Amino acid sequence: MNIYPEFEVLRNDSRCIRCRVCERQCANEVHWFDADGKLMLSDESKCVNCQRCVTLCPTRALKIVKSDCRLRENANYTDQTIKEIYRQAETGGVLLSSMGNPNPLPVYWDKILINASQVTNPPIDPLREPMETRVFLGKKPEHIRRNADGSLDTKLAPQLTLSMPVMFSAMSYGSISYNAHASLARAATALGIYYNTGEGGLHEDFYQYGKNTIVQVASGRFGVHKDYLEAGAAIEIKMGQGAKPGIGGHLPGTKAVGDVSKTRMIPEGSDAISPAPHHDIYSIEDLRQLVYSLKEATEYRLPVIVKVAAVHNIAAIASGIARSGADIIAIDGFRGGTGAAPTRIRDNVGIPIELALAAVDKRLRDEGIRNNVSIVCGGSIRSAADVVKAIALGADACYIATAACLAMGCHLCRSCHTGKCNWGIATQRPDLVKRLNPDIGSERLINLMNAWRHEIKELMGGMGINSIEALRGNRLMLRGVGLTEKELEILGISHAGE
Amino acid sequence: MKRIYVKEEWCLGCHLCEYNCAFANSGLTDMVKALRDKPIYPRIQVETDAGGVTYAVSCRHCTDPICVKSCIAGALSKKDGVIEIDHEKCVGCLTCVLVCPYGAVVEDGSGIAQKCELCMKNSCGTPACVKGCPNGAIVYEERQAVPASD
Amino acid sequence: MKHYVIIGNGVAAAGCIEGIRSVDTEGSITVISAENHPVYCRPLISYYLEHKTDPERMNYRTPTFYADNGVTVLYGRSAEKIDAKTRQITLNTGETLPYDALCNATGSSPFVPPMKGLETVEKRFSFMTLDDTFALEKAITPESRVLIIGAGLIGLKCAEGLHGRVKAITVCDLAPRVLSSILDDTCAAMMQKHLEANGISFLLGNSAKEFKGNAALMQNGETVEFDVLVLAVGVRPNTALIKDAGGNVNRGILVDDTCKTSLQDVYAAGDCTEYRDISAGTDKIMALMPNAYMQGHTAGVNMAGGAAVFDNAIPMNSIGFFGLHCHTAGSQPEGCEMFEEADEHHIKRLFVKDDKLTGFMLLGHMHRTGIYTALIRNQTPLSSVDFARLRVEPQLAAMGSAYRDHVLKGAV
């Protein structure tokens, strides 16, 4: 059954100069030039609305709009729902999606407001006063210890030092391109923060950025070997991902080519299937074994992160992880991105990061084990304000990936799974990969982080706080609007006006 | 001196440089008015090699410019390292096209010769091809010679 | 301080001045100029007739060129004699001029074969100099019928220049085709057709053998009536000064690749010389402006004690008529292979021998042809490039990435 295209390509012919940039730049082959009529034509059914053509059109002759051709209004069976049924009736397949959940589910960040000082405890001007945005991630001592001679015992568990409380979260080489990895690695190094390899191994060219790299070990164990573990500044065990809790990963064989297959240590062209569970982990005790195996393998030099998806029992799970020997817990909320996930999973499984974070922080405090671990939260951290709110809710730092992709050029068309990313990010096609020049990509990432750092300082200054450490878990700095009693209770914040 | 160099590893073959060049040197302020329904005569040419690698070629502003030596009208000259063409003096014999080893001097559509003048004679500032390249594949900078290899 | 003297004030002389000054900014330079004009480009005279240029724009260099380069120009004077032993020149005025280094850049003169009754033609002109042009321009009216003897570069350029300013133009030539020195039969036929479509008439394989006033009796017995006669049969190098001084002269003055003659401290450059065409491997007269400049420059550098060679000369021509352009370069040696591509409006002929491009003829489409010229000039082995691609279109893409790195990634 023919489904009417979702988008329409509107070409203002009076502005079109037939330069054919749109045609050359569309990997989906939407545009073409008709030499007979000297016209640019388009096949809208192929358009994913990635806006590459719109962005590059030198005369702004193009726009892509949502088609208003609609099935009869039905609030229950929406246009999208019906078309998904058509598609499945046609193919018999699982629907696939990419990037984060686009549905209008609650975004608690937008219902939380930040405090500012007036009169007493006056605000601080970050342009005049020092502001500390540096954070250290890792196990903290319970109390100050002294040696026999009375001097301070400064031996700490291994720590990650971040110049600001943001890191680039896991995106594998394979799910994203070499140039995207190069951009992230170079930006993380320049910024004094970290990026994360995801489960794709570490390309040999990027070992030089090891001091700013978190190497991931996931259920497929792809790309894991001794040098890999030792190359990074921390090791992350991935138990789950916010966009697809409870399921594994699947890199199609078509993407496992060349250096991708070499880096993953799998035969070229073979599907890389990461199982849903780690087959050696069925309990916190099993997890502890892996944590210590990895620590042992790297001589206890590196902190170990355990990353889990935000799910219903997240507080209890986090409590277990905090006792497993892990140094850092990373929690990924249900709006987090992905290179490919079954649509039903992405849109229906997991819980919002705000609630998960608040619940975990509270639980660990209640149990007196909050200092055992640092908490990193991710899953749609969109701005400096989200970062500040997350810190005040109890996070030590945030993971960002979608925002990082946007900085590199992503237009959130959510078609990563097609492998034809027109922006050179989520693709392995050499002609597309080269569209992301890491000189530009890294510069834009650095710009974004510097902008956020300024904003974080301004927001902190407004609250009269001059150090991130003093903001962490400081829920008095937050108020909710339009939230129920229960939501406020879980978030541990008062309603605005209280 | 600063010249235009291309980083072929980042060239997308989008040909925008050609259009930006034609527009910058059109003397008009609107690209649509300048370029719509007309063939363009850019001073920079995108080439594609057998392996699909693309890159743009424009005047190298040679240290020893054979075009200047060959110009029968004295229309080509070198000023502060920049090879310029005086369109008033050029009679369109196209000897410069015949001698430029890089194919960087081209006919302008009206019968006379034109070439990259590093956007020194228009209001662009940074050369239009450099400014408009979406992937940083064309740069304007000082470089040393790359030795020829056999 | 050295005294440099240049005989002649054409493009080779300008090249010589710039060559000297690139090495020696002190020495005195004297230019002996028979014509009363600062250096201009002879090939521009036809464009002048077409109103595409004017005497001011025809100046090859800026008005302050001589002053800027510290050059004394002796206008309206010519050299009568060179004494290479005493290094002295005698001028037509009787004056003598000493030199330390001399450049003979005397150019060439129109060659007029003996034709009976030529003196009976009242309005007859050569087409070489600006003064020739002014005189011709004065003589024509919109009603003039012009007969041009010679269908070479000069004759046809003259025809184009006069087009629209006279009533009729007929060009005759003994050769059976137009532009016989640069085009083969096929290419010449296309060009001739184009010229005829623009109103130029031809009498080829035929020439005037006798004149009676305004009538030319042709060799085939025909009589052509005309009002104005232009003689553009050919040119001859002005070699007398060097020959008389004892220098080696063939048809032109023989120079080596430093542009030196056989006489001590005497150089020669431009249309008066005969030198090596590397595409054919033989010595030739290549009366071409680009070569004249390059020879002059080379001579200048060497006169001033520098070291320069011009060792990659090839014949080449860029010429067009009424919008149909043609580019030719190099030669077609015996036994060369020809690659051709042609349609109604363009012809491309590439000549290849011994793994090298030796020459080409292109009519119609003149895009980036210098890439072909460089292949001839550099004698690039075609096995080292992608000639199949080059044949389709001149492009650096066919030259290999090492060459590209050299020319595109660094200063050249």
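Each chain gets a letter, A, B and C, in the order it is written, and its residues are counted from 1.
Heads up, the rule we're going with is that a residue touches a chain if its C-beta (ideal position, glycine included) is under 8 Å from a C-beta of that chain, and two chains touch if they have at least 3 such contacts.
Since this is a predicted model, take the numbers as computed values, not measurements.
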Farthest chain (mean CA position) relative to chain A: C
Chain occupying the middle, per Cα centroid: B
Approximate Å spacing (C-alpha centroids) for the pair chain A, chain C: 70
Averaged-CA centre spacing for the pair chain C and chain B, given as whole angstrom: 28
For chain A paired with chain B, centre-to-centre distance based on mean C-alpha positions, whole Å: 43
Touching two or more other chains - residues of chain B: none
Complex interface listing, chain B residues touching chain C: 3, 5-6, 8, 45, 47-50, 53, 55, 57, 60, 62-63, 66, 69-70, 72-74, 88-89, 91-107, 111, 143-150
Residue ranges of chain B in contact with chain A within the complex: 9-16, 19-20, 23, 31-32, 35-36, 52, 132, 134-137
Contacting residues of chain C [partner chain B, same complex]: 11, 15, 41, 43-44, 47, 52-53, 57-61, 289-290, 293-294, 297, 316-320, 323, 325, 327, 329, 366-371, 373-374, 377-378, 386, 389, 394-398, 401-412
For the chain A and chain B complex, residues of the former touching the latter: 14-21, 24-25, 55-56, 58-59, 61, 431, 434-437, 439-440
